[in-house]
Every structure is written in C-alpha cells, then in structure tokens.
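In structure tokens below, several structures.
One chain, chain A, links the two complexes that follow: it is found with chain B in the first and with chain C in the second.
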Partner chain A sequence: MTADPGLLAVRRGPLTGALAAGSAQTVAVRDVPGRTLVELRVATNQDGSGAVESALGFDLPAAGHTSRDGQQLAVWLGPGWWLLDAPAATGPRTLEAPLVHRLRDSGGELSAVEVSAGFAVLELSGPRAPAVLAHGCSIDLHPRVFGRGRSARTMLAKAQVVFALTDDAPTYRIWVRSSFARYLVAWLLDAATEYLCEDPTRSSG
Partner chain B sequence: MRITVDGVQLAARPGDTLASALLRAGRRVLSQGIYTGRPRGLVSAGVEESNVFVQVLSGSGEPMVRATEIEAYDGLRVRTLAGKGLLPDEPDEARYDKTFAHTDVLVVGGGPAGLMAALAAGESGARVLLIDDQPRLGGRLLASRAIVDGLAVHDWVSSMRDRLQALPEVTVTSRTAVVGYYDHNYLVAVERRTDHLGSAAPATMARHRLWNIRAGQVVLATGAHERSIAFADNDRPGIMLAHSATAYAWRYGCRPGRRAVVFGAHDGALAAAVELADAGVEVAAVLDVRDVVGADFAAALARRGISVQTGATVSGTLADDDGVLRAVLTSAGETVAADLLAVSGGWNPAVELFSQSGGRTFWSEAAAGFVPDTAAQPTHCAGVLTGAVSLARVLSEGAGAGAEAARAAGLDVTEPATPSVEGELREEAAPAAYFCVDSAAEETVFVDLQRDATLHDIRRAVGAGLTSVEHIKRYTTIGTAADQGRGSGVLAVGVLAQLSGRSMAEIGTTTYRPPYTPISFALLAGRDRGRLADPERVTAIHDWHVEHGAVFEDVGQWKRPWFFPRPAESMDEAVRRECAAARTGVAMMDASTLGTIELQGADVGLLLDRLYTNVFSSLKIGSVRYGVMCGPDGMVIDDGTTARLAEDRWLMSTTTGNAAKILEWLEEWLQTEWPDLDVRCTSVTDQWSTVVLVGPRSRDTLEELAPELDCSVEGFPFMTVRQAAVAGIPARIMRVSFSGELAYEITVASWYALAVWEAVFAAGEITPYGTETMHVLRAEKGYPIVGQDTDGTVTPQDLGMGWIVSKKKPDFVGKRSFARADTSRSDRRQLVGVVPVDGRSRVAEGAQLVSHGAVLTQPPVAMHGHVTSSYHSVALGTPFALALLDAGASRHGEVLDAVDDGHATAVQVVSPVPYDPDGVRRDG
Partner chain C sequence: MLRIPCPWCGPRDETEFCYGGQAHVPYPADPSTVDDADWAGYLFFRDNPKGWFAERWMHRAGCQRWFNVVRHTVTYEISASYPPGTSRPDVA
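Coming up: the complex of A and B.
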C-alpha cells in the first residue's frame, strides 16, 4: 500500500507555514507534522489495557509517564487514558487510521479515537527549553523531578497541553489542540525572546 | 554619571542610589507633607523610606518610587513628588514577564544570616533559591566594619558569593523582592532586571519579572527595619534613622551631615554614633533615654571624646529658613546646633512575610520588638528577624536555619562552621521600649510621615473611645500609606501603649498583608497582553476567510467569520445577500467550531437517555437526532445533534461556546454517579472540520462533489449520516439543518478542511456566509441559541419545545424539576416572535417589553419580557425578533412596546416560527 499522493498534496497541518522563525542554539521550536495520533481510553473498573498492549506490542505507561517502542510513543493522559503518537500511516487514507481499527478490534472494553488532525505536535529543545516552559507552566521541570520519560497534561500559558521529556537535550514534545496551535507557537516564540538572541557561549543555567 | 532631578543635573557615582546622590549633592528638602506641606527630606536609606518618592521619567518610567530604591545610572531623569504619584498617559511598552520556580529551600534575604542559610542548605545538595532585594549581597554587612573569618566584610561576602555560585543547585537572584507569602509555601517575588542599566538595557530583556515560587522549606532572613522615636518637630529634613545615616556614610561614601546629635533607646544607637564619628561627622551630643547604657559603647565613644547623656530625650528641633534642621533642643534645656539628628528607637524585625504566612508574632522585651513566634508553614527564621543582635549569633542562626530547612527537605546536612567575628562591640544593656517624647505641640509630633498623622491624631482616636490598633489605624490612617506602615506601625502601637498604659503585647500589631512592596499592574499582566491576552482559536480554514475579507466575531475564544462583505458593502447588505443565497440558491459556512464529542461504549444510548430530555437509545445506526440537555433544575443548558455511527460509537455536537463544559458535564456524571456505565468520551472538536452546505440547490453541488453518494431524498433522508469521498477526500456527511433549508454538513479531518472548502467553493456560485446570516436563518425558524435566547431560567417547554421532553422515560436529568409547580406555571416567560408594527423598525437585543403606551416617565413600569435576538429578516421582508415574554405562548397577536434607552417601538407578538412553519423546505 502506498500513500495517496493526491491527499498528501492537499493536507495542511495547523502550523503549516506558520513556524518560520524560532530556532537558535539555546532553544528551538519545530513542527512535527503528520503523526498518527489516537486517544485511547479503557474502562477503569476493569483491566482493559492488557488487550491493548498486546495489540500495540508494548506496555502502556503509568501515571505521569510515557513509554515508547521505536517511533511509537504512548503518553498517560489520565486514569485509563493515553495518547498514542505513531508515525504517519502509509495506507490509502480513510476517515480513521488503521491503528484506530486495530485497537478497536483488540477486544478490550475501550475506545480508540482518531485525533491525528486534532493536535499540533511541536518539539521545544535546547538548554533554554525548560526556562521557556517555566514562563508559562507551573510544573516543576527540574531533571530530578521531571526526567526523561515523564509527561504532564497541564496548562502552558493559556492553552491546555500535553508534554513529555523525550531526550536530555532537553527536548520536550508538546501536543496542543490544533485550534490553539498558533497561539501557543506565538507564545513560545515570545517567551523565548531573550534566549533567541542570547550568545550560547555565555548562557548560564 | 549625570542624573537629572527636577530638570537640574547632578553627579552620581557607580553604586549610588538616587537618594545617596541627592544627599551628596546637598539636596535636603526633597518632598513635603501631603497635608501639612511641611518640608521633608530623606529619613532612611532603604525600603523603609517614607518621605522621598519620585516619578521616574527616563526609560520606561515609573509613577512613584522610593528614592532609596533607585539605582543611579547615567541619564536617569526623575521629578520629585509631594506625597502622591502621577500615572503617565502613555502606554507602558516595556516588556514584563513571569516565571514559575520550584526549590527545596527558599532563602529570603541576602544578609549574613541568609548567606549562611543558603550555604548550609546548598552544601547538602538541596536546590536552593536565595533571593535578595539589593543590587549586592551582604545586607547590613555592607555598612559594617567588622572582620569576618579574618576578612573585611566585602571580601567575606564575595567569598560567600563564590562558594554559592560553585554549587550547581543554588540560584542567587538579586534586585528581587519577595512581596507575598501565601499558603503551601507559595511565594511571589518581583525581580527588577533592567532598571539599573538605563539606556543600555536590552530591548529584548524583560524589565521586571514576576516569580511564582513553590518552596519545600522557607528560610526567612529578612532582617529588621530601624524604628524612630516621635518627638516635637521630628519631621525636619536632616532628621534621619541612625543606621541609615551610617549607611550613607560607610556604604555610599556620602556624609549625611557635618554636625550630628544622636538620639536613641538602645546600644545600637550608640554604635551608630561611633560609626558617624569615625566617618568624620562631628557628634555634638548623644542622648539615650535609658539610665544604663552598654559599657563597651560608652567606652568607645569616650575614646572619641564623646559622652553619653543618659535619661535624656529630644524635646524639639529648630529649622533654618528652608525648614532644614539647624538645632536640637534637649530635655536638659540645651540647644545643640546640628544639621543631622540621627534617631534610633530600636529594631522592628521585618516580620511582614512571616505574618503573611500565617505565623504569629509576640512582643519580646529583650529585643524591644515584635518577633516571630510559632511558624504556620515550613518556615525557619534566622538572624536579626528573630531579635538577634550580635553578628556572631546572626551567622550561626543563619547556618542553623539553612541546615534545618535542608534536613526537613530530606537531605543529609553537615552544618558549615560559623565564621569568626572580630571588631564587634558587645551590646549588653537592655534596650528600652521607648516610642514618643510627649509634647504640648502634639500636632508636630509625627507618627506617620507619609500620612502626616501625629500624636494629636492618636490622642483624638483614643479620646473617641477607640482601643483596637486596627480601629486606630483606620481612624488616623497611620500605616495605610505606600510604606504599608513600615515606618509607623509599631511606633503607633508604642505611642498607643504609652497613652493608654497598656502593654505592647496586649495591643499587638495590625495585620500585615501582601504585597510587601508595591507591584505594578503591568507586571501582573506580564506577556498576557495584545494578541497574547487570550488565545485566539482558529479553524483550519481561517486563512481563507481572512483572504476573502471576512469580518470576524469572537465566539468564546474562537474567531468566527461574522459576514463576508463585498467591496463597499455594508454589514446589512452583506447579510441580506448571504441570507438570500441560502434561501434561494446555495451557500456555505465554516462550522468547524461546533463542539464535537465522540462517545464509545455499550451504554452510550443509556447515558444519552439520562442526560437529554428525549430518547436516544432507540436511534438507528446511521441516523441523527436533535436533543436538548437540561440541568437538574430543568433549565436548558445545551442542545445539538447526535449521530449514531455504529452500534457502540456516537458523535455528539454541542454549541460552540459550550464544548468544554458539556464534556466536563458528561465526565462528571460518568465518574461520580454512573461509573458502572460502559461509556468513554473523547473531544474531537479539533480533529474534524465541517463545511455546511445550505440552500435549495445544495443537493446539486453535493452530487457534483461526491459522485458516489446517492443524494436523493429517499437515498439520503433528513437526519441521517453517510460516509463518502467529497472532492476525493474521505468525509462524513450529515443531513441536518439549522436554517430550515435543505442542508448538508460535510465533515473531514481538519488537515483536509481547506481543500474541501476550496473544492466546494469552486463547485459553483456558492456564497460563503458567517455567523450573522446563520443567526438570521435560524431565528426565522424559531431555533433558539442556548446562551442567547436562554439564560439559565428557561425550560424546553418555555421554548415551545415541550415535544422534546419525554413523558415515557423513567428518569433523566431535569425530569423531577418538571413536576414542580413553578415549571408548569402558564405565566412563565416563553419564547415568542415580535415584529415591528410599522414594518420597518428593528428593535434592540435586550429591549424590555412593556404594555403598549406605558408611560415610561412614571416608574415603576411593569416589564413583561425582553428581546433576546433581533435581525432584519430577508424571508419576511421586515425586521424580526425573538423574545421571552410572560405567558408569551398565549399572547400571539398582542401589541406591546419594546423599550430601549428610553425609546419605545410598538411591536406585535407573533409565532416564533414565522418562516416555513410546516418545514416543507428541508428536502429542497
């Protein structure tokens, strides 16, 4: 199966063309377009995650954490509730991604909902990334508290976001609802103003 | 460096404050009493300053700042103020931001105790944040000549700074004032980042930063403020707090006077006399209210040829022609020529933050001050704040508090050795709790300089029968000025104690409230201004709307096209054209903002039966049903359509502004009341985008775009849903209508929304329309908008929708309320239509409905209802409005007046469904 070139040509992410600026050695923001995103909820009154984990091929993370298998990432959103972030599907485009159908057919008491176009996926990275986030996020981001594999669903400035620390650059992957994406990018670039024109050789923690 | 004060240039040195530069330049009269107009000068060198405030004109400006807190820079321009600040007219364009910070141990105060606390905690590996409000660390040490660990104080402070900076988990922030201490060790601080840089301040750097700090443990090392003594004519320029005078001499290198009298009530005042003498000030007399003074100090003064007059006070002062101090009158009847009167009544430990945290204070006789008692939070106090006097004790208390805090934060601590201290005189004679030299000239005995409040005012308050210090504060205004009572609060308590014969402990202090120092609105706003004031939510088609000249309307946080004017077209004309297209041809709208929730599970039908007033469980797969949701009070909270996509998959739509609220509503019922139901909800508002295609010719357009879809009336009936490619893009199509016309809602993944929108637009002469036209179309059909035509007091029956309230269902949210007598009253406000009798006048939304011909000038005028929506109806050819009217359903045909802003328009009550009441147009 190959991707439908006609569809890919007209696809337009929430940040397509909206993220020209925003990169420096101290901090950088980039758009991660085209990911397959699925919100997964299993019944909390019974262990519904086992069937899903079999279908997924890896374990779902505990509260406040992520788990990953290669290019697939699972982020805890709430009790019995995860966001799956997988590479773009390559089959002919249907209303919902094949992953959604695979999960739905796994036999658990669960819901799998396609939200690929419902979120923008961003990456904020660089030594100043925690400082940028701290301008609008009340969560403690110190590596002792929020290390690699941690995630949070919280407010960043005035937008609800999900974010996770994916490497020690550090890089934060941020999921924000599409309609808030431009606001959030504008806010991030504004919050990074001081650091974007900073001399990285002179920056201090 | 040159600075400009009231248009006059002065020289300043690096390290100067505006105050020290003014003092060095010999400027004595710098302000005046706000009510008395008496000349005033500097009384202090720090945050306790209550006389000299200036308006900063250079840089970003600032309406009212203490001269003692402004760091001088080249090009600084200020004007002096007489008591009140002036708000500039220009908007403040400087950058302000905020940050959140978390720490194991927060140390407030960078003096000797704070430095030791930070070191003790920091060496344990704890995350430490040391916050100091001065440009340089060191606190009171900066004006001291003690030898610490064999080092001059400046060198010792530098070595401490280096040791702290070497610890990776320690952060030191200067020029930052903690202004609030709230519950759960949450503190707020203000960092001044560029004010001292003048024109060298980078434009990209936030001028001030608001710190929101969450601390595991807090060490307060906030020090103390010197307390004055009240006496006759104690407000003259040249009368200054004793340790502020020594700070000017030793820290800033400017002599506060040539010939001084020192007046005090504790050994610290004698220490100040020594410092002044050594700074080259002629100390003409030292007056101490006590009979016994510290022997070390008396001896030190004696070595300098100065004797201490014990049991002596100041009975008054004399001024020169400018009002500046020229002589001091003593209780012994002497007149001592002096241009400086250095006063020290004792120390007021800076308990403000401790009190804000909920901690209680008590009056310590030993310290002659209110000191911290038991803490209410994980708070540790150290140093002068606790009443400690000797530097050695201050240092060891600091180390102890820092170690204790780190231990409480769960770290292993080795307490650092307390540094040795040399060259400090021992204070051994007890301080006196002495506040006021009584005088017949009580109207010149100032207690609060900034409020011009005197001994006379307190005596009047006591005479009026007031006893509580809180009442006296409000009666006299003492302690309510910009210094928040730092200079006057405890002094007033002392005066009251003297007048009433009560103890300090019995009277207590007034409540300390945040902020400790003023905080600007610009800083509180931070970056949340302009475009960032609130998120602008946009749909995937937004840019197209902008390019095609849409005028936007704010709907919640969404930007929605309001109408699409053609060049030179007015709003009315555009809406008329858009309405006509929808009624007679084909038109399209971006409906992507509608809240959408996907529900999955075996019990979704059951859940919907319980939350909507009508039945949903019987809905067939592939069908759509309209529902109204009520609160437990039976009042309408939302409406919308729900489609059943599969046996256990449903798609619910909510009104645009209500999406988050309804999702929370579903979750609340599922999580708290019916956790047994097999239902899970997911918001998909952003996932899907919807293009609405409306009008009698919309079927033709859809057939063209979706050739595989059977679009016939039979093949695709009203209130059903289909799946098909539209312009080659996978889509879900619903046949629903919010206009009464034949209509389709084409839903695609949002990243294809623009492609589908453009394909539809290109398919023919299709008119894009906005929310205004949508409102007109729906109003002509009497479709209410929840939140516009309802206000939380309206039942479905009031809307004429009794048909949607199931009589058969055993229960649903709101059902019980429909059994109440009140909800079945026939005279409730009910939805009606109103049309102007003259056929021309459009009534205002919100207009009150009163009896026709009611005399508006003779209140009360009985109000029968109000207009909720009002438009010009193209279909009817006249203006048309919806209204809620008492017993409206039975009043069709009646004539009333709609009153707006005193103007009455005669209107006739009609059915709320004036257009196509039989619904024949929905099939095209």
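Coming up: the complex of A and C.
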C-alpha cells in the first residue's frame, strides 16, 4: 500500500460513523488507518532468520511476542509465521509495499504477501480495556501473564483476531479481518458500555 | 469445555482447535503392497480405549499447527502435548 492520497481517502475504517468510541479515563476504541500489513512466512527448517531480519531492520519476535522498531511492529502468529505492521509507505505508487520487495530480495527462504486490504487495525485502550477484552476472550490478560510485548492470535467474541499489548495505558492493538471489523467494533462498543458510565467527566451514567 | 495446551501458544479453549483422530497412525511404507484388509485397517480402523489416548489436534484459530495430545477419554484430563514427529512421551 502506497500513500496515494486518492486511495487513502477512499479507505474507511470500521469506526467511521460510529456514535461513541469511549474515553481515555475508562476505555476507548479507535481506528488505526493506513497501515501496511505484510504476512511473512519463513521456512522453519532454516537456520535462523538472519537474512530476513537484516532486510527488516530489526529482530523477529519469539512465540507469543511482538518486536518493534519505531513505528514498525512484528507480531508472532505461529512457528515461522509473522504479521508485519508498518506505516503506509511514501514515494512512487507501486502495487506492493517496498518492504515486501526488500524481504523477497533478502535471499531467505520465505513468502512475503501484502495483506493491508484484508485487515482492519483497531486500538482498544484505557484502564478498562483488559476488562472489555475479557468479555469475549479466554486468554489470561493479567499483566503478570500478558504484559507489554505479548501477543496472541485467538478468538475474540467469535471473531478471529490477532491482538498485542503495545503500551501500559494499557493499549491493545487488534487486527481483524475486514469482513468482521464492523461486527467486532459493534461488539467492543457494546461490551464497553458498562464501563463508560464510570467516567467522572460524564455527567450522567 | 476442554483447555488444550498448544505446544507453541499455551492453553486455549477447545473451540480454537480441530480434532484429528488417533495420533501415530503411519502411512503404509509401500502402499502398492498393502492388501485390501490392511488398507481398510489403515483408513477406517482406530483404537477406542477407555483411558489414555494419543490424539491429533490442530490449533485452527491460533498458530494453525498440528500437534499431539495424550488425553484420558473418561476424565478428559490431558497429560501431555507435543509437536508432530516426536514420539509419545512416557507420561501415561
């Protein structure tokens, strides 16, 4: 995905038109628009992922974790399988992100496929974010178990998602199939309703 | 609901997995020499123990990998979870 302003203007996040998206004091949901997403698979019999990592510019994370370099994030999905999340590339318009070509040219035994259009990226943040997630997900989200830098590919409210804890607000970044995105947003806003009335800045609950 | 320990992702709900039947059923080494009875045995006949059973599961909603689990068919207790290609651990 290249930052063609025409194309980016047409892309709509699943929260577009939503009535409420929460507050920072309790829990908030927001779109993370215009990300470049790449699914990366590396042969697991390969001795390390050194070539891939040098093309990427940072190390790939171990099982159940993420790694990051500035605005770029790598999420472990399975053995030899990662999701890369990077800002929209700038520069001349191309069909695939330059990152894909850089990975393919790295000489590693791999598959790199741009999947930006296949996923919506959301962020759920605030002190009540873990409670909202726990309404629809069976993973132990206690910070002792699921701290910053952890990730999971799992089911959330019957939707297939990947999520990762990216900061201690806490903020969870959620990747969901585009076709499930509006459903998941509706579910998140509904699950968050009971916590929104705890917000002292809101006059009535 | 079973909690199944994926060797890579850790314990997850049963609804994240697909069931794959008995584990350690090898494909015949030379299929052309297998007679009908043995071929039927390979295709259709499986153990059905009352007790510990090694079976295959696939973590569909997670890492999408096949692996093996040793589960008790009466108590549903799970005593081992291990990657494919490794032999059944001596736990039960």
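A few remarks follow.
Keep this in mind: the second predicted complex is superposed on the first by the 173 of 205 C-alpha atoms of A that agree within 3 Å, B and C clash if a C-alpha of one lies under 4 Å from a C-alpha of the other, contacts with A are read in each partner's own complex, and residues count from 1 in each chain.
We adopt the following convention: contacts are C-beta pairs under 8 Å (C-beta built on N, C-alpha and C of every residue); 3 or more make two chains touch, one makes a residue touch a chain.
This one's a predicted model, so the numbers in the text were calculated from it and none came from an experiment.
In the overlay built on the shared chain, the residue A:Pro14 is in contact with chain B alone; chain C does not reach it. Greater residue coverage of chain A by touch, when chain B is weighed against chain C, goes to B.
In the superposition on chain A, A:Ser138 contacts both chain B and chain C. In the superposition on chain A, A:Ala152 makes contact with chain C only, while chain B stays out of contact range.
By the touch criterion defined above, A:Arg182 reaches chain B but does not reach chain C.
By the touch criterion defined above, A:Ile174 reaches neither chain B nor chain C.
Look at A:Leu83: by the touch rule set out above, it reaches neither chain B nor chain C. Touching of chain A by both chain B and chain C, each in its own complex, is seen for residues 138-139. Those residues of chain B that touch chain A in the complex are listed here as 95, 97-102, 127, 168, 171, 202, 204-206, 212, 214, 527-528, 531-532, 534-540, 558, 593, 598-601, 675-676, 678, 680-689, 723, 728-732, 749-755. Residues 8-10, 12-13, 15-16, 59, 61-65 of chain C are the ones touching chain A in the complex.
Across the interface of their complex, chain C is touched by residues 63-64, 77-79, 81, 138-139, 152-155, 160 of chain A. Every residue of chain A that touches chain B in the complex is listed here, in rising order: 6-7, 10-14, 39, 41-45, 93-95, 109-119, 131, 134-135, 137-140, 142, 144-145, 157-159, 177-180, 182-184, 186-187, 190-191, 193-194, 197, 205.
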